[in-house]
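Below: a set of structures, written as structure tokens.
One chain, subunit A, appears in both complexes that follow, with subunit B as partner in the first and subunit C in the second.
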Partner chain A sequence: MTLPLMLVAEDFTAPGPSIFDFPPLWDGAPSWLTKPVLMAIFGAIVVCALAWSAFANPKLVPRGMQNIGEMGYQFVRDQVARPFLGKDAERWMPLLLSLFFLILLWNLFGVVPLIQIPVASHIAFPAVLAALIYIIKIYLGIKHQGFVGYFKNMMFPAGLPKPIYVLLAPIEFLSNLIIAPFTHAVRLFANMFAGHLILAFFSAVGFWFLFEKLTPLGSGLGVLGVIMTIAMTGFEMFIEFLQAFLFTMLAAMYIGGSLHPDH
Partner chain B sequence: MTMAATLLAAEGENPLIPHAYELVVGSFAFLVVFLVVGKILTPRIQKTLAERTEAIEGGIKKAEDAQAEAQRTLEQYRAQLAEARQEAARLREEAREQGAQIKAELREEAQAEARRIIEAAHAQIEADRQQALNQLRGEIGRLATELASRIVGESLEDEVRQRRIVDRFLEELEARPEAVR
Partner chain C sequence: MAPAIVVPAMSEQERRPETDGRDFADAAWSVPSYLLSGILVWGGLGWLLSWWTGVHAFIPIGVILGVGLAAYLVYLKYGR
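Take a look at the complex of A and B:
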């Protein structure tokens, strides 16, 4: 940074992780009743309401909301369920569709004015969902391949020279049982966390240099902050969709892998 | 704890440590969505989509069947038409042959009839002629006899006239000597 800009930016503090800390909604409210908690519940209600308006009474010839709902359903079925679950796709659609819709809406809350908090930027929410998938994955794996078979298929895939297993077995064990659920949750969390931080940063820049401390030199920076906020909001919407898709896709992949280890 | 984590902790709560109440709320939220969207609504849309697929496939199948049926009927009609045409041609041919045959037979019959009539007529004519001849012959005999008897009868009364006839006859003979020789 050049010297004049440093002078201008002297008092500006960039938003940090503290922006993710929320107090109880009002004084005297229970300590757990924070904005993210409220939004998590609100998101669940909105998902149920939208899905209800689309699918409660589905018609052979779709109209209105049903068209939109079917777009979502077919996206999950054709892009997520079928590639990884094949003929079991229909059976797992309830889980995958619920996951996708809920995560998508939770994520999109990040760019909805006044709400402006991606629910998954609090790690507890992705962690719960990842844990659920992790439990289902292990349960299905043991059920369909047997206890020994599950670990054998996981750690000792057939057709490799024997010494390789010395390396491969611990790596596979680690990646499948310890790293996979962690990355599953953290991938979603970190994307939402970072995206929200970026948006907060650019909007803070715009607000600070155009309203709090309007100076001829700083105004250019403020305008840039506003432009970047708009551009990043568009980009964030894409990321929010992509991460909902990815989380659901990984869930389908884990379930498919437990059902059919040879794939 | 890494340095970053301690730094984060210094500024506020560590974002990597989940709040227990958020875990509970997250589970509850997903459970609600899963029950409503997954358990109640997804089967409905699955059923509708299956029905739609069936309806479309059924419609296509029905249309194909109808088309096949129409094609079959058309083929049938065409075959029948061709058969009918052939039949008609055959009948026409047969009729013509029959006609020709009948004509020939009729002509034959007519000719035979004509011949028969002609023969009958000939026979009749011959019979009539014979009869006439016989009658004539009898008449001539009677007339000749009568004439002869008259001539004989009169010869005694009219000797002079007879003589004259004989004389004239003799003169005629003399007038044509070459005819005698």
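Take a look at the complex of A and C:
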């Protein structure tokens, strides 16, 4: 009974990491100018345009775009900035707001028909953003706590016997200066990469078993693929929002930690 | 005589709502990073020792020591 299905299944090849490789946009274009790069620029322009239309000419009673913009602003301020930055929240809102909306848009490109590539599924993009936050974190830490003070507060939590520091300081150092920025970028990248691969897989299953090789036994699998594609698209949208939120939240956390070492 | 209107004093939490979530989120997001660092630092040291001495037992000893120290560090920073 399973033989026809097996034969069909052998021909099916699941999409792999190659779906993230794009050729240059046109013949003779520079090799770095690919679809994800174009979408990254497009996303930045859209964020600028949205912010412009919402906040360039603010009214006391907000209408239209200003309403939406203020909802976004309030969300980032109350959920991301204030819990970690307290009274410094407003000063850091321009950075955090643009960061949140840029990443959200980049992520949502993954489920927009025809675009269908989450920009952050190429690690270069989250890596640059994480590096930016990393530089800001170290700069602020040294500026507000002094060079020695910053590393002392980071690596030597107060009130411990000296031998313990030998054991713990290397862990603190590695965790704060190497692992943290690394996971900051990789968390966003890996979520977008895996999510896009899952969507590609299920839609490939649906397409293959319903259009390319339609068989009585395979059609059930094809229908399942379509259903899973729809379900996973909804799930992806949630993840895309969540990861934009988390990336911005961690940025606020690192900045707050450099401004006020209270541990 | 009218009853006095009693205004309850604000609790510490109500007074600074904006820093409520900070410690918890700090801890939640730092723990994996500390555990990984502990394993890398002390597991790495164990690996070096095993490489030099040929005693392979140093690797698991280092890894377990690293996890233990990282957990202790999390306790020191957020649990006390």
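Side notes on the structure shown:
Note that in this section the second predicted complex is superposed on the first by the 253 of 263 C-alpha atoms of A that agree within 3 Å, B and C clash if a C-alpha of one lies under 4 Å from a C-alpha of the other, contacts with A are read in each partner's own complex, and residues count from 1 in each chain.
The criterion applied here is as follows: a residue touches a chain if its C-beta (ideal position, glycine included) is under 8 Å from a C-beta of that chain, and two chains touch if they have at least 3 such contacts.
All figures in this text were calculated on a predicted structure; none of them were measured in a lab.
Superposition note: with subunit A as the common reference, subunit B and subunit C can be accommodated side by side. In the superposed model, the vertex angle subunit B-subunit A-subunit C (Cα centres) comes to 80 degrees (nearest 10). In the superposition on chain A, A:17 makes contact with subunit B only, not with subunit C.
When subunit B and subunit C are set side by side, the one touching more residues of subunit A is B. In the overlay built on the shared chain, the residue A:242 is in contact with neither subunit B nor subunit C. In the superposition on chain A, A:227 makes contact with neither subunit B nor subunit C. When the two complexes are overlaid on their common chain A, residue A:25 makes contact with neither subunit B nor subunit C. Looking at the shared chain after the overlay, A:253 reaches subunit C, while subunit B stays out of its contact range.
By the touch criterion defined above, A:167 lies against subunit C but remains apart from subunit B after alignment on the C-alpha atoms of chain A.
Using the contact criterion defined above for the overlaid structures, shared-chain residue A:180 touches subunit C, although it does not reach subunit B. Residue contacts after overlaying the shared chain place A:43 against subunit B, while subunit C stays out of touching range. Measuring only between alpha carbons, the smallest separation of subunit B from subunit C in this overlay is 17 Å. Common to the subunit B-facing and subunit C-facing surfaces of subunit A is no residue whatsoever. Against subunit B, the residues of subunit A that register as touching in their complex are 16-18, 20-21, 31-32, 36-37, 40-41, 43-45, 47-48, 51-52, 54-60, 69-70, 73, 90, 93-95, 97-99, 101-102, 121-125, 127-129, 132, 189, 193.
On the side of subunit B, the complex with subunit A involves touching residues 8, 11-13, 15-23, 25-30, 32-34, 36-39, 41-49, 51-52, 55. On subunit C, the positions that touch subunit A within their shared complex are 16, 18-22, 25-26, 29-30, 32-34, 36-38, 40-42, 66, 69-70, 72-73, 76-78. Within the complex formed with subunit C, the residues of subunit A that make contact are 82-84, 86-87, 89, 157, 160, 167-168, 170-172, 174-176, 178-180, 183, 249-250, 253, 256-257, 263.
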